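I am attaching a structure below and will ask some questions about it afterwards.
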Amino acid sequence: MLLEGELRIPSGCAISGMINRRGERFSGEAVIKSIALMHDRSNGLGGGFAAYGIYPEYKDYYALHLMYMNQSCRDEVESIIKDNFSVEVEERIATRNHKGIVKPPNLWRYFVVPKDYKIHESKDSEDDFMAAITMEINVKFNGKACVISSGRNMGAFKGVGYPEDIGEFFRLDEYKAYSWVAHGRFPTNTPGWWGGAHPFTLLDWSIVHNGEVSSYGANRRFLEMFNYKIALQTDTEVIAYAIDLLVRKHKLPLELAAKVLAPPFWKDIDRMSNDDQKVYQSLRTIYGSLLMNGPFSIILGFPGGIMALNDRLKLRSLTAAEKGDLLLVASEESAIREICPNPDRVWYPRGGEPVIGRLYEEVTI
Amino acid sequence: MKKVYANPKHCVNCHLCKVYCIAAHSKSKDVLKAYKKENLKDTARIIVEETKTISCGLQCRHCDEPKCVASCISGAMRKDLNTGIVFCDPSRCVGCLTCVVACDYGAVQPGPDGKALKCDLCKDLGEPACVANCPNGAIAFLEKEDE
Amino acid sequence: MKHQALPPEFSVIRNEDKCIQCQACVRQCGFDVHEYDEEKNQVCANETNCVNCQRCVMICPTKALSITNNPNHYRINHHWNSVHIQNISRQAATGGVILTGMGNDKPMPSYFDRILINASQVSNPSIDPLREPMELRTYLGAKPDQIKLTSENGQLKLAEPPPPQVRIETPLLFSAISYGAISLEVCETLARAATELGTLYNTGEGGLHKDLYQYKNNTIVQVASGRYGVNHQYLNAGRIVEIKIGQGAKPGIGGHLPGEKITRSISETRMIPEGTDAISPAPHHDIYSIEDLRQLIYNLKEATNYQKPISVKISAVHNIAAIASGAVRAGADIIAIDGFRGGTGAAPMAIRDHVGIPIELALAVVDQRLREEKIRNRVSLLAAGGFRSSADVIKAIALGADAVYLATAPLIAIGCRLCQKCYTGKCSWGICTQDPYKTKRVNPELAAERVSNLIHGWSHEIKEMMGGMGINSIESLRGNRAHLQGVGLNEKELKLLGIKYAGEAI
């Protein structure tokens, strides 16, 4: 029987995210509580989290989180890592036993920097180099080993199980982050695969996604022209790569990248001012193949912020709220009120309108 | 008043206007029965002129001062003052055919029964049958200001 | 025996109970089949001439006529079928080339008929085009890989103007049909319909008649090997200039307009003498290699001040992926691929039926090759060659086309019934003839409405199917092969098309 990783499994889900814009770091307990409320949106076959600001003492190192299904994969991957990077720390990711988590794979963490001569040889930037290596590993090992996250001062934690169980398993109550993103999964197939859980990450980007990308085939074939290797067979992958291409490589502001994924309709572009019209027309004609069709609500995590976005027709639920320095987003208002009973403001973002929460300008982390 | 206007640019010389004119003025209102049972062939009130590559359907202009009405000795040719339609009442027509000679347009013909035969704009039917059935829009039922 | 009469291909069946001897069939037949016998008061048929164009069947007011295959059969022989026997016999009499018209009618494998389209369920809701906006708008032309923006007083602006783009409201255009192959009335029909629909029609190699310049906003002008009608004014009259390298119906040879069809008007428009055959050369005599194509493309860009996208139309042949790639690198902004089912006014039957490959495969391999070489964004791909329905169009777009060129379908909308005698100039429907008695049979106003109706109908069907797939914008369907699955296709075919077998996990 084909495992996920060899084929695509569509799924429905729950998402939740929050950021303290003052940069004050807090434990994962709140986000676990929030996602636990939405228990019935998952079926126990996937849950995951991403956290930003959790490794301040290693903030200049790439924090590689890896999962291995067997020892031989681990040996092979570690040799790739040691070949390309100087490894500062190499350790197991701390976990605690949990009856809801069965047969976890080997989970390892490495703090690394790329070797200088490798960067010289490849002529890539450090980020491009790291991205290429992570894509290479994911493609090569075809599900038997996979890079869970590879960003700086951030990490992703995910696996097969209800998200609240995963959160406990990974001891997220012991970490402190200024922003958290969480996901619970309802894949339409068994067996669940640890690598298929969300968030999907690339470098510092993490995405949790509730939805199905009907434009996947078009998105994928466009991204492949820009050297992105689509391996993990989940829809979420193309969203992460699209953001990476638009924001990191093509230097578009995040707000505009959101407008590529969920652009305004032509009838609305026709009514814009001349300059705006030209810009949006160009965005749609140049990046039309990155339009994300199909229902989605996503939360994107990045250093310094989070962004929540719905598809143009708002075919998935998404609620946002603010209380003081906190910005919260989730699939359900109840999930927000579970941890923040009296928000200052609650609203439902419109289809295609991004909700972006960033650290205040004066904050450094 | 609305009249039928022909456009030779679009006339394909099929003569279907004549076929449907006959059917419209038959008792059965059915093409087959009109031809086969009622023997109404050659009783069309629209005339198709054809010469080389050009053809055109022509019929009565329902003139404001109709010469056929003026020439009618029995009062069969009349202009309905409400609708403007000029028509022949066959019960009064004596077959003298003066109207045929009088008409400047040659729009009146002698019918096979000897009586005058001419377009009555399908006054009992609504839209003229020739216009409704022309396959190429070569005749149209229009109101035109100047004529 | 020098002359051997061939039995008629068709039988004219007239139901005498229904025939009212109105003689509409006599007047409308372009091939002198029907005759009125005054003595017998009967219309009878000279069946030898009948080509089964169906004009008499359509025009008969009592539906008294029907055309069937002549029940006279040669002995059934699956190898030497009746077409071969007839053709050999005709060639024995004349020594000429057997000509034919319209597209390949032989039972070659169809790929569209073995590809099925996806629909969303449960995890992905289908979208209702009557409730939600469904966008078909398409921009044709080269696209840069990256947008360059700048900011002026807080207002975002484009840092440099994009390459020329032409906007169409639906991914359906009218393909090249030359004035000469068809009448001016049909050209006008297509021009009017294109204008009403917000799309484009293509002049083909016949040049642009002066009466049609008023539709220039919706015109693609073609530069073919004969360079008919090409002057500076012509080039600037179109939104796009298309270099015709080949056409799907007859790859490797040029256009052919018999002298009988060359009237004064055509002679003026094409800038050639009246009455002599207009045979376009096979290659452009200034394009003998890829670098020559590049030269012509840039000549045209200079002549049109770089304001218009330049399209290159190529036939689907064996090395199509490499040819397309070369054309992209030669500077084309649009590539039109014409498959072997494409139509024509005149072509040798042997070439029409045996040269060229299916558009489905050609399109799939070209799209894939351009993406592998990372140059797909530099062109819009147009697919042509026998598209019969909106389902064919959806499949082509999912395989990788930006839009689809239609020619046979709008002609059928106008009345064509594919009798394949276009090259005689006797078309009873008045479509591919210059005989003024017949050309009137196409009333551009009425015919344009029919063509418009067809495209509106297909566009709506496309929206319904897109909605069914959970897509509300055409760019998400383009190249999205995940929404196609095959039946009755072997491994190789599936691989070339880049799709999976029906029922396979995605």
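When the chains are written out, they are named A, B and C in that same order, and each has its own residue count from 1.
The rule is short, and it goes like this: a residue touches a chain if its C-beta (ideal position, glycine included) is under 8 Å from a C-beta of that chain, and two chains touch if they have at least 3 such contacts.
All figures in this text were calculated on a predicted structure; none of them were measured in a lab.
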Comparison of A-C and B-C by number of C-beta pairs in contact, larger one: A-C
By mean Cα position, the chain sitting nearest the middle: C
CA centroid of chain A to CA centroid of chain B, Å: 80
Gap in Å, rounded to a whole number, between the CA centres of chain C and chain A: 47
For chain B paired with chain C, centre-to-centre distance based on mean C-alpha positions, whole Å: 44
Sites on chain C touched by chain B in the complex: 17-18, 20-24, 27-28, 59, 61-62, 430, 435-437, 440-441, 443, 445-446
Contact set on chain A toward chain C in their complex: 2, 7-8, 10-12, 188, 211-212, 214-219, 221-222, 224-226, 250, 252, 256, 265-267, 275-276, 278-279, 281-289, 291-295, 312-313, 315
Chain C-touching residues of chain B, taken from the complex the two chains share: 9-16, 18-20, 31-32, 35-36, 41, 52-53, 133, 135-138
Chain A-facing residues of chain C, complex: 120, 122-125, 127, 132-133, 135, 137, 139, 143-147, 149, 155-158, 162, 165, 371, 374, 376-377, 398, 469-473, 475-483, 505-506
